[in-house]
């Protein structure tokens, strides 16, 4: 079930622009495993490169948020958007970066609470307090 | 613009179950400020108490995630759900808990990237890799 | 703030296909008031007629659900979709059809609870029990 | 496919806080069946109890809306949120509470119409009529 | 997995109002194939007819947009709404109307970019420039 | 109402990385006007550059889809995601690229129809026909 085929390594190796990205994914992640997302994207090599460059820059560069926190945020967005693949892949990534069961349980509880209060606020159409607005 | 009125302090003080929650919010948060969300919820005192108890338990109890990380997750869900009030109130809360401009910028970039890859995965209908599934 | 103008009565009266729908809305609803939704749709008279015919058939014909229940369902969908206009207009419609404050409070609480459990189920990616599937 | 395991009865029985909730679900619902949602939540016993208490309070207490109407609202929210599990489980629950095929068909038609008009209003960015605003 | 059964041709042929729509779908599309969507809708013959009439009027009538562009728009909405069935069926329809792999790749890239900037704008709560408003 | 300030030209001119992007936006679009989205993003110059580069590559490079069709797709996604700012800005962009009122009306009608059938399919949980799956 996909609207494109998932590119095999044999086909990827025959397209230099795809091979370069796949090689870099393997080098950066220190694994031979290329997950289906990249294999689906590979039919558009320019887009494949654009997305991978962003993932490296936004998720992989040292900065103000630690790598695990970044994955928790990713899971939160993916859950609210109902992206099953993304929830699975980033939950696995978070676990690989040390997420404990207790952290996962708290993440899920916060996501649920936010889902609830988002719906309550929207149903009641609460207006933003002036105190919350940036001057 | 709201589908209910926002309860004033005078009305809240006249309903013991509402006054008890408002008093507790003020005590826990060490401020006299009660934001509009609680004033909109107050017409259903049982629901007001349920939501406040959950907020205290999920957002306010020491646990496996620190208070700022919890707010970042809350903002992420609220953004994906398009809840303007919630984004404003939890961004203000995150700043009050020490979120720096650099952390906010990274949060926003991750939310945007997740939004993009969620849409790509969904458009391509990528199937979950067996490697990401819990046994 | 709109991406089209809202058609005035003077302009509507000059287009027979629009005038016919506006007249019918006024006759069915027993009021001279035409709300902005119809004035925005009116630039496409065929679409205006299609939507109004559906609203009459689905919301206005006696059937298995009573008129107030239909409005509660409409508010629920509109809230989950974050349609501010629709929440305001159908909450007003529900009140006009007799919705009490207690019913509104219960509606909002159910919407919030569903929002919460929807998010929990999605974060956990719970699989459908065979017991819930139609044979 | 889930991001947590589904807790078996044997494991649930070994954790008193989980066993207490599972026992109560069985007693309240008068069935031995515990659906997957609760088995997924059970890894966080405090959250399991919080959600179950809310479900009982909001869905199971006599009030201003009858039990079937509550389920219809739940299905409406779950559909707009795209929660497949929730749609299946609450459609089954609605049928168990007496939902007829005619009521289901009307529910589905209203959900579809609301989905359509929500999208039309949003595309046109229609502003809320003053008549719909709470004073 | 469905909340209704999918109506077989034998059952459809026994209900004149359903048979009439199925016959028309087959005639208009010049194929014997009736996809599952119509088989699920068929339990409500009036709704089946309403939806089919709209599909013919909006998707099948010559107008200002060509048939392929209409399908691309349909895929875009269905992706943002996370409707897996709709993405599959309209991607197939777009291919049948001549969508090339290059067009599909561009469509997917635009959907992804819009998903990203939608999330960025919402997280930042950017106000609409006066220049973008209809006078 | 925004969670960040909108950067003025004076501040932008003082940050070379921001000035470079603003200059390029002005050159590419042949206008002095910089809309609020870029002014909100400018606090994160690397992200500002990343998004602008993508917009140029995906929306501005000649390819398989014409510029107006790309804007229609953008509006469709933004509507389903409920991004008011994005709907306003891309509707204005589409008009600037020649979108007629008739094309806009058809776009809106398709978005509405897709919203409706997306909801119907989801409520009914229709399974994907094997005919729609990529081999």
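The first chain written gets the first letter, and so on, giving A, B, C, D, E and F; residue counts start at 1 in each chain.
By definition in this document, a contact is a pair of C-beta atoms (placed from the backbone, for glycine too) under 8 Å apart; a residue touches a chain by one contact, two chains touch by 3 or more.
Predicted model only: the values in this text are computed from it and were never measured.
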Ask   = If we look at chain C and chain F, which chains touch each of them?
value = A, B, D, E
Request  = Compute the rotation angle for the C-alpha superposition of chain A onto chain D, expressed as a multiple of 5 degrees.
outcome  = 120
Message = More than half overlap in residue numbers between the two sides of the chain A-chain E interface, or less? Answer same or different.
response = different
Remark   = In terms of mean CA position, the chain most removed from chain C is A
Key: Chain separated most widely from chain D, comparing mean CA positions   = F
Inquiry  = Suppose each chain is reduced to the average of its Cα coordinates; what separation in Å results between chain D and chain F?
reply    = 34
Ask   = So how far apart, in whole Å, are chain A and chain B when each is placed at the average of its C-alpha atoms?
value = 21
Note = Where chain A touches two or more other chains simultaneously, the residues are 1-4, 51, 54, 77, 79-84, 87-88, 91, 105, 107-109, 111-120, 122-125, 128, 133
Task = Could you pull out which chain A residues touch chain B in their complex?
result = 1-4, 6, 33, 35-37, 40-41, 51, 54-55, 58-59, 63-65, 69-70, 72-74, 76-81, 83-86, 88-89, 91-92, 100, 102-103, 105-107, 109-111, 113-118, 120-129, 131-133
Query = Considering the complex alone, what residue numbers of chain E touch chain D?
reply = 1, 3-4, 43-44, 47, 51, 77, 81-83
Query = Touching chain F in the complex: which residues of chain A?
reply = 1-5, 46, 50, 54, 57, 128, 133-135
Parts of chain B lying in touch with chain F, wherever the complex brings them together = 82, 84, 87-88, 91, 101, 104-105, 108-109, 112, 119
Key: Residues of chain D touching chain F in the complex   = 75, 79-80, 82, 84, 87-88, 107-108, 111-120, 122-125
